[in-house]
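Below are structures written as structure tokens.
Here come two complexes built around chain A, the first alongside chain B, the second alongside chain C.
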Partner chain A sequence: VTKGKLTLLCDANTDGSFLVHHFLSFYLKANCKVCFVALIQSFSHYNIVGQKLGVSLTVARECGQLVFLEGLKSSVDVFFRAQAEPHPLQFLREANAENLQPLYEFVREALKPVDDGEAAWRCPVLLVDDLSVLLSLGMGAVAVLDFIHYCRATVCWERKGNIVALVHDSGDTEDEENNILLNGLSHQSHLILRAEGLATGFCRDVHGQLRILWRTPSQPTTQRDQSLTYQYKIQDKSVSFFAKGMSPAVL
Partner chain B sequence: MAAVATCGTGAGSTGSVVAAGSKNHVTSFQRRGPRASGSDSSYSRLVSIAGTRPSVRNGQLLVSTGLPALDQLLGGGLAVGTVLLIEEDKYNIYSSLLFKYFLAEGIINGHTLLVASAKEDPADILQELPAPLLDDNFKKDFDEEACNHKTAESNIKMKIAWRYQLLPKMEAGPVSSSRFGHYYDASKKMPQELIEASKWHGFFFPEKSSSTLNIEPCSLTHGYIKLLQFIQNIIYEEGFDGSNPQKKQKNILRIGIQNLGSPLWGDDICCTENGNSHSLTKFLYVLRGLLRTSLSACMITMPTHLIQNKAIISRVTNLSDTVVGLESFIGSERETNPLYKDYHGLIHIRQIPRLNNLIYDVSDVKDLAFKLKRKLFTIEKTDLGYSGI
Partner chain C sequence: HGFPPPPAPTQAHRADLPPQKVNEEAPELGGEGHERAQPQQTLRPHHPDDPGTAGPGAPAAQLRQPPGGSPPPPGGGTGAPSGRKGCREGHGAGGSESHPRRGESPAEPGAGGQAWAARGGPHGRGVAPTASRRLRAETGRDSVEWEGRSLLKALIKKAALGGEQVHILGCEVSEEEFRAGFDSSVNSRLVYYDLFRDPLNWAQTGEALPGGPLGALQAMCERTDPGPVTVALDSLSWLLLRLPCAALCQALCAMSRRHACRGGSLAAEQLCVLGLLHRELHGPGPMGALSSLAQTEVTLSGTAGQASAHILCRRPRQRPTLETLWFSVLPDLSLDLQGGPPLESQPHPDPHTPQVDPASHLTFNLHLSKREREAKDSLTLPFQFSSEKQQALLRPGPGPATSRIFYEPDTFDDLDPEDPDGDLDV
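Moving on, here comes the complex of A and B:
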């Protein structure tokens, strides 16, 4: 498990959520402490898929390895009832929320190192599914970038942990805020995993293409970034990858 | 063929559904229920809710959209706890028909309805619902048609005959049917006694707009806030969210929202490109939260062809679970295209959710057209993919 990295997950014309499920189960199995800001699906959805991939989110949550912010459920609480204390999603109630500070505080609190001698987890990990939703909820791209910047300072630099976040690539739908967010994060990321639908359209045996790009954001780009492309097919309990054109269906 | 298979299991009594359900119950009972926050004991009751069945793919609880052909395209039906977004056709003719099928299916199954509109009074909408097709009525019409259309091609006859075989033996009274998915006669109205026997709540925006808000103004428009509060209130009061152990809800709440996003709701995204870009998406997010935590299913029709800012459409799609677009041929150049002469429009399945799963049921068929002929709305595969349009 490498440390101090920001991984950007991105999907264009396809559903990249399989990457989120993969990283969640990967880090839980690697014994890391995970803070999962799950904005777009319910806990039981991730739990059921997680079980197929070999992890139990319920157990992880109970023993403190996983801190799960269930965005959908919390949003109902926040929206209909005024909260006594600051809530990570309180921007839902506000007309012009300036920033995502309460959400950052939540993450910082969730991943703070415990020093009472109990079994130490490996590095802390922040996982976000997904950041584009925050734009739909009224936050500006700059506010979201600031949020990631603060999280990065705390999680990646201070605590040598990792961040993995999913952003949708809206393609040609002129979503400027989303493009700003995507470009801004791309420049900061160490690793970009981009799931794309095939240019030729839907295919039953090849669900899409995954581009992997390794970057070194802190160094000037005199060295060429390494990249690899695979095609993939998603199955019930796993995803199989193969080189372009080498799908078992074709061979 | 998948359609026959699903109709086959549906044609059996609820007993067979329960049997299949209890088999799943032992191995992966979490999948049985929707994401209701109720306790596990509520799951065993979910199997016997009228008008629902578990998905063959992942045990997800499904309801029928009111159009069996559409159910099949969506992998068996609409999952409880999710939103089905219908992108309206240009004059809102066919989308409004699908909306009515959805509500009619709710009445036949005894589900509770929540009808929201800014244009029509929900009571009027209910009066306009199509009548369910009953065995003996259909047989009579079929015989009449057979006489009138003596030169009908044999395919059409077989298609009609095929459907006839699968029609249920339905009681004419206000009793919920044991079948999943029914056919409706668009030329006849739903019998008054069935409407009166049903439980429904109406939200007609012009009536509600004057009352005061008890929530801080956030960036949602007035209409959306009121609607969310109304929906949340019904869910809570009638126990659809499982929060009140006294009210053990054994029913589904069908929520139908018409023309969401149109100026009649007070939203300006259809009028200007720089309109309130967050109101609708915020509404959809909170709605999604309400649905995921209750025994409900929602159909929304939206005039996406009017929305000026395309970014909003892609955000709306991401916040909806299933998205189906209707494109009617009326007034377009395709109307006179000989390839399309038998059809009234195209139906685009834009998005199908992956719920509790890495994979989903994707139909191989991508070019689908619909027609409303002889009172039935049918969806067929076309070979028009390479017509260059």
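Moving on, here comes the complex of A and C:
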């Protein structure tokens, strides 16, 4: 497990959430402490998919390996709580929420290293699904970038953990905030996984195309940033990858 | 010569100075007004297409020549002599920043004449020194990112090895990550202002730089000592997203002005500001504003694993020059320039490739045979007033060429020559 990296998941014209499920189960199996900010789906959804991939989120949550922020459920709590208590999704309630500091504080608290001698987890991981919805909820792109900046400073640099975040790419140039968010994060990422729909449209056997880009944001590389492209098909318990044009359905 | 530091070019366009009289062709300066180019006063704006109007006597002539005594750069610089002079003035104007796009920065951080000659251009290419460069990181549309930070670090290393102080405002990566790759001699010369850890003071520990990003930038200007200084901003994009563009530009101008004031007349040429800018993040407005502050812009791009830099140099008295160079940054952060014209495919089509005939693969025939073409060319259009038609009209002949109108009036028609519209029921 590499440390201190920011992985950006991006999807365009297709659903990239299979990558989120993959990373969730990957890091749980790798014995890392995971803080999952899940704003899109409910806990049971991720649990069901996780079970197909071989991890049980319920067990992980109970033993403390997984800290799960269920956006859908806790967003309602924001309105029924006393206002003085800070809540990670406090920005939903405030008319002029300027930053995501409460959310950052939640993440920092969740991934605080415990030093009481029990089984130490390997490295902290922050998983966010997804960041584009924060833009839809009224935060500006710079606020989300600041949030990720602080998470990077704490999780990646201070605690040598990893961050995986999903951002949707609407594809059209009209959504400037999303483009700023996507480009800004791209410049900071070490690995960019981009799931795209096929250019020719929907296909039953090939669900999409995955582009992988390795970056080194500040070190010169003798080899330029590597990029690979695979096509994939999502199956019940796994995803099969193959080179472009080599789908078994076509050959 | 004792030229005092020239004021900013905006002041150079004062119209109240008397126009020059002697030895003047009448240059068209577009209404800017002529100014007497005296050593004590503002310099005449040099129109780039001006054949070189002579000023009144010797002082003006010296303006166009390199300052006496400075050796020309080795290897035949590209317009280097006047370039150097340009550098000096350029600093007075405002902060210049460079954006290394892909990394190559041919310009040496504005050093004095001798230091420049000693350093030499990379591979002796004799690139003219420019006072500042702007680094601009470019990302290709495929998200193959041609990152500019390694170029920025290479330039910093060069500046540090050249004996300059280097101040770095680091926003995007941690200090450790930024310093990685520099050896200890370089690292000891770097003064690092860390805006990465807690830029917005969320942690409230009191360790954050006061005043936020703008305060940090202004604090940096205060702390630079007189002497050759390189200021690196990593990155300008980070600052531009969080500060209003005008404030950022003003802070950059103030930086160079303050440095000039502190150091006396020679200090203005010794401040070099390098800034890293990510192209996709900003609209044309802020980019243009920062562009206008910079003397050199380096745009990074590349093809097939090889990075190239497009360098646009704008010096106050010269035509902007655009140069493209291949380069790579080696692991020890030294620049390797390969020079030469880009080998990538030209954006315009190669004139030798045969033109594709658009009418070739259709299901119907659009081509004309020779006879058809002749008939088409010899056809006179009905409304075209050729000489034959003119003759026919002038000749009042009853031949079939002329047309006549036969009109049989109706019973309801009331033809009144005085009121031709009388029969209309209006």
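Simple rule for what comes next: the second predicted complex is superposed on the first by the 241 of 251 C-alpha atoms of A that agree within 3 Å, B and C clash if a C-alpha of one lies under 4 Å from a C-alpha of the other, contacts with A are read in each partner's own complex, and residues count from 1 in each chain.
Everything that follows uses one rule, which is that contacts are C-beta pairs under 8 Å (C-beta built on N, C-alpha and C of every residue); 3 or more make two chains touch, one makes a residue touch a chain.
Computed from a predicted model, the values in this text were never measured in an experiment.
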Answer with clash or fit: chain B and chain C placed together on chain A by superposition. fit
Looking at the overlay, what does A:92 touch: chain B (first), chain C (second), both, or neither? first
Looking at A:199, would you say it contacts chain B, chain C, both, or neither? Reply first, second, both or neither. neither
With both complexes superposed on chain A, which partner does A:175 reach: first (chain B), second (chain C), both or neither? first
If you stack the two complexes on chain A, which partner ends up touching A:101: first (chain B), second (chain C), both, or neither? second
Winner by number of chain A residues touched, once chain B and chain C are compared: B
Inter-centroid angle chain B-chain A-chain C after superposition on A [Cα, multiple of 10°]: 110
Which of the two partners, first being chain B and second being chain C, lies in contact with A:15: first, second, both, or neither? first
Overlaying both structures gives a minimum C-alpha distance between chain B and chain C, in Å, of 18
Both chain B and chain C touch chain A; at which residues? none
Looking at the complex, which residues from chain A come into contact with chain B? 15, 17-18, 21, 40-45, 47-49, 52, 71-76, 79-80, 92-96, 132-133, 135-138, 168, 170, 173-178, 201-202, 204, 234-239
Touching chain A in the complex: which residues of chain C? 137, 139, 142-147, 149-150, 153-154, 172-174, 176-178, 180-181, 196-200, 202, 237, 241-242, 278, 280-281, 302, 305-307, 328-331, 333
Of chain A, residues touching chain C in the complex: 99, 101, 104, 142, 145-146, 149-150, 153, 157, 179-180, 183-184, 186-188, 192, 194, 211, 213, 215-220, 222-225, 227
Chain B to chain A touching residues, read off their complex: 30-31, 35, 37, 81, 215-219, 228-229, 232, 278, 281-282, 284-286, 288-290, 292-293, 309-311, 313-315, 318-319, 354-359, 362, 364, 366
